[in-house]
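One chain, chain A, links the two complexes that follow: it is found with chain B in the first and with chain C in the second.
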Partner chain A sequence: MADGVSVLGGVSVGGAVALRDLGLTGMVTVRGNLAGGALQAVCAGLAGVGFPGAGMATGTAAQGIAWMSPDEVMVFVAHDAAGAAVAQIDAALAGVHHLAVDVSDARALIGLSGAGARDVLAKLTPADMHPDAFRPGMFRRTRLGQVAAGIWALEDGSFAVMCFRSVADHVFATLAQSVKDGAVGHFKG
Partner chain B sequence: MLTLTCPYCGVAADETELAAGGEAHLKRFGPGSTDAEFDTYMFARENPKGVHFERWRHAYGCGKWFLAARDTNTLEVFGTYPAQSSAPPQHIRDAITAKRPGWTWRDFA
Partner chain C sequence: MSTRLARGGRLINRRKAVTVTFNGRNYKGFEGDTLASALLANDQMLVGRSFKYHRPRGIVASGAEEPNGLVNLGQGGGFEPNARVTTTEVFEGLTAESQNHWPSLEFDVGAINTALSRFLPAGFYYKMFLHPRSFWKHVYEPFIRQSAGLGQAPKARDQDTYEQFNAHVDVLVVGGGLAGLQAALTAGQSGLRVLLIEQSAHWGGRAAVDDPLIDGTPAEFWIKTAVQRLAALPNVRLRTRTMGAGVYDHGYALAHERLTDHAPEAGKPRHRLWRIRAGKIVTATGMIERPLSFAGNDIPGVMLASAVRDYAVDFGVSIGDRTVVVTNNDDAYRTAMVLHQAGLIVPAIIDARVQADGALVRAARDLGIRVETGRAIARVKGGKRVTGVTICAHAGEGSGLEDIACDAVAMSGGWSPVVHLWSHCGGKLIWDEGLAMFRPDATRPPTGADGAGFVFPVGGANGMLRTADVLTDAVAVGASVSGQAAGDVPVAVDSEQGAILPVWLMPQGATLKLRQKMWLDYQNDVKVSDVQLAAREGYESVEHAKRYTTLGMATDQGKLSNINGLAVLSGAINTPIPQVGTTTFRPPYTPISMGAIAGVARGDLFQPVRKTPIHGWHEASGAEFEPVGLWRRPYAFLQGHESAHEAVNREVLNVRRNVGLLDASTLGKLIVKGPDAGRFLDMLYTNVMSTLPVGKCRYGLMCNENGFLIDDGVVVRMAEDTWLCHTTTGGADRIHAHMEDWLQCEWWDWKVYVANVTEQYAQIAVVGPNARKVLEKLDGMDVTKEVLPFMTSADGTLGGIAARVFRISFSGELSYEIAVPASQGRAFWDACLAAGAEFGIQPYGTECLHVLRAEKGFIMIGDETDGTVIPQDLNLGWAISKKKSDYLGKRGQERSHMVDPKRWKLVGLETVDGSVIPDGAYAVGTGTNANGQKNTQGRVTSTYFSPTLGKGIAMGLVERGPERMGEVIPFTKGNGTTVDVRIVDQVFYDKAGAKQDG
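Up next, the complex of A and B:
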């Protein structure tokens, strides 16, 4: 079997804000009644974190759960564990109306870290990136430039951006340009 | 710039994150209806300067449809509510009445 590579091929750029491809990550989209105990339990068990509330995400982009919509979460696991995760969810939710699909190869994940990361994102998205509004642990689906993206404020103060594989190069280049242009200094403190 | 709060996500979404879906609370007249009913359903739309009800979709977010009450003249938003509503809920009507006493829109007031 061929070795998998992520769409961005491990690219990274340094600077005031460091950007890097977060690499191959297992991503399983789960749709169903999010209030269901079995759904919450199996997702939390797979990622080893608590189940997030609306607009939130738990864990990290390597092992975590992000709330996508009132009936959808994204479960992040190891890349080679995604297939087994789908099977485990299907088994746990047998007879319950749900959908679990391995979408690992349809998404790209980009990490942003550094003091100006909020500025880099705020230049590209209409979502409020103010530290008081977008706090660690929150996850927001929005757009970056012209394309859809999900922004995750991680507990360690860094950010993860999830976008579709087909626009990953574009998103990375757009973020890199935003880094290069420097901080606006809008978010003080 | 129009900012609407998605009633499902609770996030304040910018107009550019949303897809406009035209007028809200239309009653469909399909097969079996009279020509006059179908004509009205298909083509007759409100075009108020003031209180208006619209459908929007949180396209760059959760993807859900919702309804919004706003003023087309001032762009003031009175509130948003789930698409599974055949009429504006009372708290939306109250919010409009507080700002625009005596408002009417189609059969609603």
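Up next, the complex of A and C:
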């Protein structure tokens, strides 16, 4: 089996805010009744983390779960484990109305770290990036500039941005330019 | 003479000189100067020419309201027109040029228009340029265009960068004067998020100029302390050089921050557009002084009284040695006293009021300044600058009583609250008779989603003239917007003021001759007589009068002229001012840069370009791209010196003879799953999808409720409860949303989930008689027609890559579409090229795809459909289920017009001479319609040169087309001639379908 290639090719940029391609990651879209015990259990088991509440995410962008909508979560696993994860979810939810689908290659993940990361994000997203409003462990579907994106405030203070594969280079370049344009200094905390 | 005073200038640093260039001449200023104060310090009174009459124009104001001091700033990539000298901070090397003059500012040929002003009244353009009609295009329009506009359009690409920033705050305070500072201080105590923005580089507004005592300290000290206290609050943010541009619904506001205009620095954004979502917005935007309408009030040297004072106190600049003050209120007396104390001469204060004895008036008299009450300026003398004034009785018609020599006139017609931001979102105004001003009506604020007001005017912007009132108001508003009880109010002491006398004409009975020299709008040259003429001609609505006269339509948007203009209109139509009302206040408050509106979206980031996993190969392989939605798809792959047309012909023939490779990754792929998925798809598609066996493919049509075709594609049943729906490239997101719309809003209880997996897969079509050989060489799964017959699908691996293979064909040839994970798309593409080399494989683009499908008579959404076409028009009745009780569009397709036998229907078209019909050509019918145009009986929807057949082929919609096979009808060629076209079957190639199995 040939190895896959990350759309961003492992690119990274240093600076006040460091940007880097988080690389190929297994991502499984799961739609269903999120209150269901079996659904929560199988997702939590796959990612090895707790099941998130609304607007939240657990774990990391390598092993985690992000709440996407009232009937949808994204489960993050190793890239080569996504197919098996789908099968495992389907097996666990046999007879329960749900949808599990491998979308690992449909999206790209970009990591942002550094003190000015919130400034950079707030240049591009209409969502509230204030540290009181967007706390570690939260996940927000929004847009960055002109395209749809998800933003994950990770527990270690860094951020992960999820966007569609076809616009990954656009999003990376837009973030990089926003880093280059410098700090705004609006967020102190 | 305007000059720099020996002392004074609280904003300038006299130790640091700065050289600026205006019209090629160098001027010395100081750090902290505005371009206006630097020019005035060097006796450069004349800064521009007016729009219509090219009258000499001098600086009138000291802030954002300045109508005259507009310059072209910078050069080349840093060029900016219409920069306001009063808000442009100087820096070493600043260059500016005056606007709207030819050949020079000092001597302007267009000034002849002044002499002709009798012939250029209001509405002149509307009246003059009507006849003869043909003159408009060739004579009038070029002339008007040449004379239109003050600044020049930039010619070079903007060298600077810009950005935007989104901020969410509980309280946005616009304006950093006393009111804004105090409101922010009070609101900031609550711990809520507060953002205070100030358009200038300095806090405190004009308070330090007028210098009231606050808490027993000078205003300047109080301001400094307030800023320090605000900076110490962790929940408060302060921004200078940030102008509140607009207020919109739901507490949304725009602000424009000028980051490097005052100190250009490479690599930093020049402007930043703040997109602010605020819970509540406090407008502490202050007031603007009004000019007075007397003859010659536009001559350079006539200035607002407050501006004369500002230049003296802030910049140490005197406008003239002898300044006559003319006023209808007490405030202007401050100017007289400031000038007097600076050792300058105030020959007289001309006060229109018969009685004036407020504290300021008495103080001026005590200083020995001559005060003339009940008097007016009959006319200002001078051309390019003031040389004197003639005074008269204000009650009269303007007969001169006395000439007073002077070189400056400081005028004050009273003050108008800056109500723009209050009004942007619907806040209403009331006319305050006593103060002669429109101020916000607190009972009719702009309201938010909860029905409560969300904009709170404060201080001057709320009609407060006294410092103590301003601070009391600010504490009350600051407390109210942050849900606190009002706390202590700083104690402020300033002079009480006598009543204002509204003066809209000076003198009140001025003759027409004088009124023709009274400017209302300096920039657009609108005079009192113009507004009165407009009223006489029936333009009684203030909005009509504005547009007829162009009052307030210049780049300053009438900050000085609106109130005076509508008051003159009020007098002319004998209607009280409140009934006349104001024109509409619209954002932005002052112009914001186009760059800030674009933000980071410029150059390569202007628009996202969607790229398939194989895009990089296309770029490196001669692809000529075409936009398809936000995707760029290869139109054709050019080899050597080939033209695009030659490349397309080669690609078509290669597919027909050998094998071609197409990147079809952009096709929409939607997974539909659930117990009700079959039922759902039966409603969405015109044919039946629920009966499709697992592993089989079916072509489907989707219509909207009106029956019109909106999308098509192949549906594959992947499992008992799971279908994969292919959409067109442009339809992927639209059809996904369409599905969710029906599921969420109409059939919310149906158990169906949809996922858009378009980008999960690279989809590659291997097409042509050698297609199977290529896949067999890749190896991994059985793709023979026995195991994988036409319109079936199978999962497996090809060349070591997980693949789902569909035996579907959009070309008539043996064809496989193979979906592989996007991360391996490029690897699979490369493997196909390598495996296909010996079989003559070549990539092909979208144009080849179009020709192939047209030769085969397949329709294309967007070519054969345009939102008015139903499937029946395209002879696709076979794909419409007769058995189903319902599907989206069924009812619509039963309407009388849809079943009209005269509808235009799809046919093939062939020119008799073999040529290609122009795209979009119409079939000419007989007779003419009601407009005298030729009737039509059809139109071309797709037209190509077919390299396979060696001639032009086309499809089109023709009235009763399918009943008229073999008939020859004329089609337009776009050059006045027609071409004879025969109606034929739409399938030009392999009607029997012998080729599709290879």
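To be clear about the criterion, the second predicted complex is superposed on the first by the 189 of 189 C-alpha atoms of A that agree within 3 Å, B and C clash if a C-alpha of one lies under 4 Å from a C-alpha of the other, contacts with A are read in each partner's own complex, and residues count from 1 in each chain.
Here is the rule we go by: contacts are C-beta pairs under 8 Å (C-beta built on N, C-alpha and C of every residue); 3 or more make two chains touch, one makes a residue touch a chain.
Everything numeric here is computed off the predicted structure, so don't read it as measured data.
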Query: Which partner, chain B or chain C, is in contact with more residues of chain A?
result: C
Task: Check whether A:S166 is in contact with chain B, with chain C, with both or with neither, and answer first, second, both or neither.
output: second
Task: Check the residue A:H97 against both partner chains and state whether it touches chain B (first), chain C (second), both, or neither.
output: second
Query: Which holds for A:R118: it touches chain B only (first), chain C only (second), both, or neither?
result: neither
Message: I'd like to know which partner A:P126 touches here: chain B for first, chain C for second, both or neither.
response: both
Query: Given the touch rule stated above, what does A:A54 touch, chain B (first), chain C (second), both, or neither?
result: first
- prompt: Which partner does A:R143 reach: the first (chain B), the second (chain C), both, or neither?
  reply: first
Task: List the residues of chain A that touch chain B in one complex and chain C in the other.
output: 126-128
Message: Applying the document's contact rule, which stretches of chain B touch chain A when the two form their complex?
response: 8-14, 16-17, 60-64
Interfacial residue positions of chain C with respect to chain A in the complex: 161, 163-168, 193, 234, 237, 267-269, 272, 275, 277, 599-601, 604-605, 607-613, 630-631, 671, 673-675, 751, 753-755, 757-761, 797, 799-802, 821-824, 826-827
Task: In the complex, go through chain A and note every residue touching chain B.
output: 54-55, 68-70, 72, 126-128, 140-143, 148
Chain C contact footprint on chain A (complex, rising order): 1-7, 24, 29, 31-32, 71, 79, 97-99, 101-107, 119, 122-130, 133, 145-147, 164-167, 169-171, 173-174, 177-178, 180-182, 184, 186, 188-189
